[in-house]
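Take a look at this one; I'll ask things after.
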Amino acid sequence: MEKFYDVAVIGGGIIGSAIAYYLAKEKISIAVFDSGQISGKTTSAAAGMLGAHSECDDLEVFYPFARRSQQSYSILEQELKELTGIDIRRTPGGIYKLAFNETEKQELGPLCGLTTVEWQDSRYIRQTESAISNDIIGAAYIEDDVHVLPQAVSRGFSQGAQMYGAAVHEYTHVYDIQKNGIGYILKTQAGEFAVQQVIIASGVWSNSFFQQLGLENRIVPVKGECLSVWKDGISLQHTLFHEHCYIVPRNDGTLVIGATMVENDWSEQPTIGGIEQMISKAKTMLPSVGGMKVASFWAGLRPQTFDGRPFIGFHPEDNGILFAAGHFRNGILLAPATGQMMRDFVLQREVDEKWVEAFKIDRKNYCLV
Amino acid sequence: MEKFYDVAVIGGGIIGSAIAYYLAKEKISIAVFDSGQISGKTTSAAAGMLGAHSECDDLEVFYPFARRSQQSYSILEQELKELTGIDIRRTPGGIYKLAFNETEKQELGPLCGLTTVEWQDSRYIRQTESAISNDIIGAAYIEDDVHVLPQAVSRGFSQGAQMYGAAVHEYTHVYDIQKNGIGYILKTQAGEFAVQQVIIASGVWSNSFFQQLGLENRIVPVKGECLSVWKDGISLQHTLFHEHCYIVPRNDGTLVIGATMVENDWSEQPTIGGIEQMISKAKTMLPSVGGMKVASFWAGLRPQTFDGRPFIGFHPEDNGILFAAGHFRNGILLAPATGQMMRDFVLQREVDEKWVEAFKIDRKNYCLV
Amino acid sequence: MEKFYDVAVIGGGIIGSAIAYYLAKEKISIAVFDSGQISGKTTSAAAGMLGAHSECDDLEVFYPFARRSQQSYSILEQELKELTGIDIRRTPGGIYKLAFNETEKQELGPLCGLTTVEWQDSRYIRQTESAISNDIIGAAYIEDDVHVLPQAVSRGFSQGAQMYGAAVHEYTHVYDIQKNGIGYILKTQAGEFAVQQVIIASGVWSNSFFQQLGLENRIVPVKGECLSVWKDGISLQHTLFHEHCYIVPRNDGTLVIGATMVENDWSEQPTIGGIEQMISKAKTMLPSVGGMKVASFWAGLRPQTFDGRPFIGFHPEDNGILFAAGHFRNGILLAPATGQMMRDFVLQREVDEKWVEAFKIDRKNYCLV
Amino acid sequence: MEKFYDVAVIGGGIIGSAIAYYLAKEKISIAVFDSGQISGKTTSAAAGMLGAHSECDDLEVFYPFARRSQQSYSILEQELKELTGIDIRRTPGGIYKLAFNETEKQELGPLCGLTTVEWQDSRYIRQTESAISNDIIGAAYIEDDVHVLPQAVSRGFSQGAQMYGAAVHEYTHVYDIQKNGIGYILKTQAGEFAVQQVIIASGVWSNSFFQQLGLENRIVPVKGECLSVWKDGISLQHTLFHEHCYIVPRNDGTLVIGATMVENDWSEQPTIGGIEQMISKAKTMLPSVGGMKVASFWAGLRPQTFDGRPFIGFHPEDNGILFAAGHFRNGILLAPATGQMMRDFVLQREVDEKWVEAFKIDRKNYCLV
């Protein structure tokens, strides 16, 4: 017995849930399929920094897209709270991108050229954040790069989508997508579903669909290992960031420390070598962290593309198939803009040509990050 | 080697932490002693309802005190967020105190007489909360009885107190209090401490100090067993309440269900009989809850006094010893007002005589709840 | 870059691990692929009863196969301990299959006809097991139906297989199997692998391969929800069993209580309705269990076939593909015999024709259990 | 309402439970009081090595006592399994006490003089344990220093004691012991108990009783931080030991790594600095451990005395009070001998004078370890 939907989203992480939310809001009949629980994998492992500036090495294309997504979060926070009762835990404070020497300071130069970023020297910073290492010479301060609780955002999107009529099928692995006239049949453990369009938003697990659907580009996992500690006895109001490592002060009294970068490792558990490395890095930024108590540890798989940008767009030869995957370190940040862009694709609204080009599925070595 | 403080608080739950916060803010030299972790016991087990109305059977004395405490929470929320970065997760929505028949409706009569409470009939309620049982005939709606996350409040108080200069000694059991001139020596595993005044705020474990310090009144444990589930597929914006059982929709996507009332049980773990009872009660209020997935379960010990009111005040024969314990089901609600009242006692400010009388340590069967 | 193995096993639960063990021992080059962790799903959720008698409704075919598997466990226990250091926690005591009335007693008649089973009346049983309900009239006692720790067995098989040279690829989902000359190419997230033979042992998730490989038969999930409690204050040496519900006294001081039967539910988490049902059933067998403390709860998906027997054998049209799946409630019990049978298939040794017929993949309604 | 017992044991860890077991077996009316759960603290944090040789720096007094206790374990294993169904998980393999250079080898000289200890050189060791670091030059091999699961032993003792008639009061903090005629009154949260003799076996928390009862000697905590990992891909049959750090291969497929030595820290949680240190030490013994997955982490408080030996004996001025505390790193090893020694004290049987002297409560700097 088949069920019918206009659109199927494969993957119920933050990207898939955002897409479902923005489409359901437009009264599109939509269903999300996840092989496990909603937001159970990469999303739940993320720190939730909205690092439009701090994670950005490309001010021309990536930055405006990321910045727009970041700005969507203030409206979104209200919307989801009213609609679903879920608080996405948007926490102010912003990020200090630390410099320990002149070279690092110079590398922060272009970033500090933005109006939203400000260089602060060590003495000034340590007036408010006295726990930071004495060894820094200063930092780029980015007030707008706040953080949210990723699972809360993703659950908010998902419950919101359901309130607008979306269906969510958890524990329902889609193992095949078959062309069927003008639509598709999704084959799952729980039976078959007929849909008009399919959106693949399975993060690093989208890879198998890339291959099944004849695409050349690939998504590779970059495992990130994290831990959290109870912030005892010190004050820390800002996220600290240095060499891809961060310390995020959550508003529940913990600090989240992450994350390693282990390429091509599909295992979703941290090794003790990875944990050791994170502790060591965190101590260079915040020496007193070594005396804090462990709260938990975990790992997640970032979906990396060849040029560091996500794949967002249509299958080059099949307009019924779309992709939104490969967001690497920036899935939480980019979820709202990705969801809106996919909505516009599906509804055949206009989408900024620059972004269509930058994120299209079959692009060639556009720009190596 | 002794250390000196003006005031020692024994117990780092929400009551002890609130006291430390309000006193440290006044620049009193204060230390908190907890035999385990801050907020690790009764506080962490609470649902966090600020039930000034829903938990109240005494509109004359208890209600105004509770109401004042409830109102303190709006200022507190801002204060703690700014000072410590901790969000206490105050969640609007309020409580429905359900009536399943005319008798129950009549019992809600006096409550509905308050300007802050409103009777709503079944049809009206089910327009917004369609998942509630068809069997209710209506409910008293109390918009102001919102809820907070108890551990967040308590950690907020504790970190705030530390920022104002308080010391917090975790894992430091105080096993004896000895008179020493005009002050006291606290004997702990970790050595001795000299203080001017001692405040006992150890919840149900205050009982041993009552006995050691020659007091007749007692605090008995009433164990409460709880569980939480993932709220799937339904909307629920209000806390539901019936016969001491509640379903609280947290803003993280879970429902908290509690709590049994097991007198004189000191064990801090739930039995499966207790869990079974809670599931059964929850289903009468919210039938679809049976199909939701378990998130976790736990238990806590409410400190009960003979008349249901807390003990807040001086030892009848020793002005150097104060008590703030026995808050029963209302520790989270009453923490701010209790902290402020203790601050005023210590600083010898004026305290409302009605409350002094109602909560004094050596009161006799004042009024049996 | 491809790797080559003689045999690939898809699925690293107890069935897949047993197959790998028996084949690696014969020096076959073999690799196990699991989309998550070894024994992370159905295996880890099982109670581990070796219920050759207690789970058996078919004394002709199923019983001899099950009994042989049960007997393999005594050798296996030693083998795995010596080879891997892992103790499979085989715990004596056996099972009481309880009768609460004459009808139930009569239903146990055929079982009690076996030389390994003995009827005991209530008075006799309660001499040693005084905690059992007064309401029973007696029980079939099966001394040989002992229990093991399923994850320990499965980890033992898997580590043992590795010591004999097998490769184990965790977190490696196989999304396609393609014919390639006389062998197959397995497509996985982590690249491609070339193999001569493929064995599908993915429990309920084998279903998608049944469909992909053109088979008509299906495997459906029957979710089982369980909990465990701390056995306090009572003695219980035997497993209790009644109406598909059991109480297993583990040798770590806990009792395992299970399990519901929820058809066609793919979710791997327990609902509170299921938990409530199990508590209620357990109390009918062991009244004092209601006062015991919860240790944990979980759920797993049993793979059910149309006639209650597993599928063990070759793909009807392709000798390079084999299946070992659909063991329903008996995966732990049947793992050794299944592993040995698959080994014999692969090595082209003789296999008892009766079992070949009973378990073959394309059988028709052979016998409805 | 008072209850009466002949003997009260304060502390339900492995020492208190062993004492209760050996006394209950002799039909003494006995009750155990624990302020939390049985074996919930130091016992549950121990690795369970029976290191009669490996932990021994004193071959004259400590060794024979420890050795006798170690030997008791083989009988005990059977006794507890038959009586309670609990398997204490005694795991053979023994310990390698590693030497990385000639100095360390020489320090192992006296130990290797024992008939139960054997020096093995690197090449020989790495034939069976190829995962051990190439940097060792050899090791003292002690076959008899096997390990058990501490909580299983302690639960076994406790359930066994209950079967022999002992009472166990969990969550019952004893806050005062008062002389009462020829006996004592124990004051607890849960009421008063009258007893003839009191045995204090509260590990590091015995300290407060030392002080209350006028004794000069002290017990100080030495926190040990541990973690466990999943042993993947390697074989390890022996415990590795070097500079107070060990790697214990449990028979459930994990490796336990421990433990730091943090003096005077009463906190029962690990810091990330401690975890980092343990990972680093473990890697020097077993390089591949860095790639293994974290299973869990924890901490416990070892009770240390001034000379490293336990206090076992009568209060010097009060024959009604006995102590058995301060077992430092050796509580699991010494539990049976301690339990037997206390039994003999209570029953006024003969006790070896050498041990009476070595472990007596009011000894002076007998010998500094």
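The letters A, B, C and D name the chains in turn, as written, and every chain counts its residues from 1.
Basically, a contact is a pair of C-beta atoms (placed from the backbone, for glycine too) under 8 Å apart; a residue touches a chain by one contact, two chains touch by 3 or more.
In this text, all values refer to a predicted model and were calculated from it rather than measured experimentally.
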item: Far-end chain from chain B, centres as C-alpha averages; value: C
item: Euclidean distance of C-alpha centroids - chain A vs chain B, Å; value: 38
item: Centroid distance [mean C-alpha coordinates] between chain C and chain A, Å; value: 39
item: Euclidean distance of C-alpha centroids - chain A vs chain D, Å; value: 47
item: Per-residue multi-chain contacts in chain D, two or more chains; value: 267, 269
item: Arrangement of touching chains [line / ring / star / complete / other]; value: complete
item: Contact footprint of chain B on chain D as seen in their complex; value: 36-37, 170-173, 175-176, 187, 189-190, 204-205, 207-208, 211-212, 221, 264, 266-269
item: Residue ranges of chain D touching chain A (in the complex, touch as defined); value: 227, 229, 267, 269-273, 275-276, 279-280, 282-283, 289-294, 297
item: Touching residues on chain A, where the partner in the complex is chain B; value: 81, 84-87, 89, 91, 93, 152, 155, 159, 162-163, 231, 233, 235-237, 249, 251-253
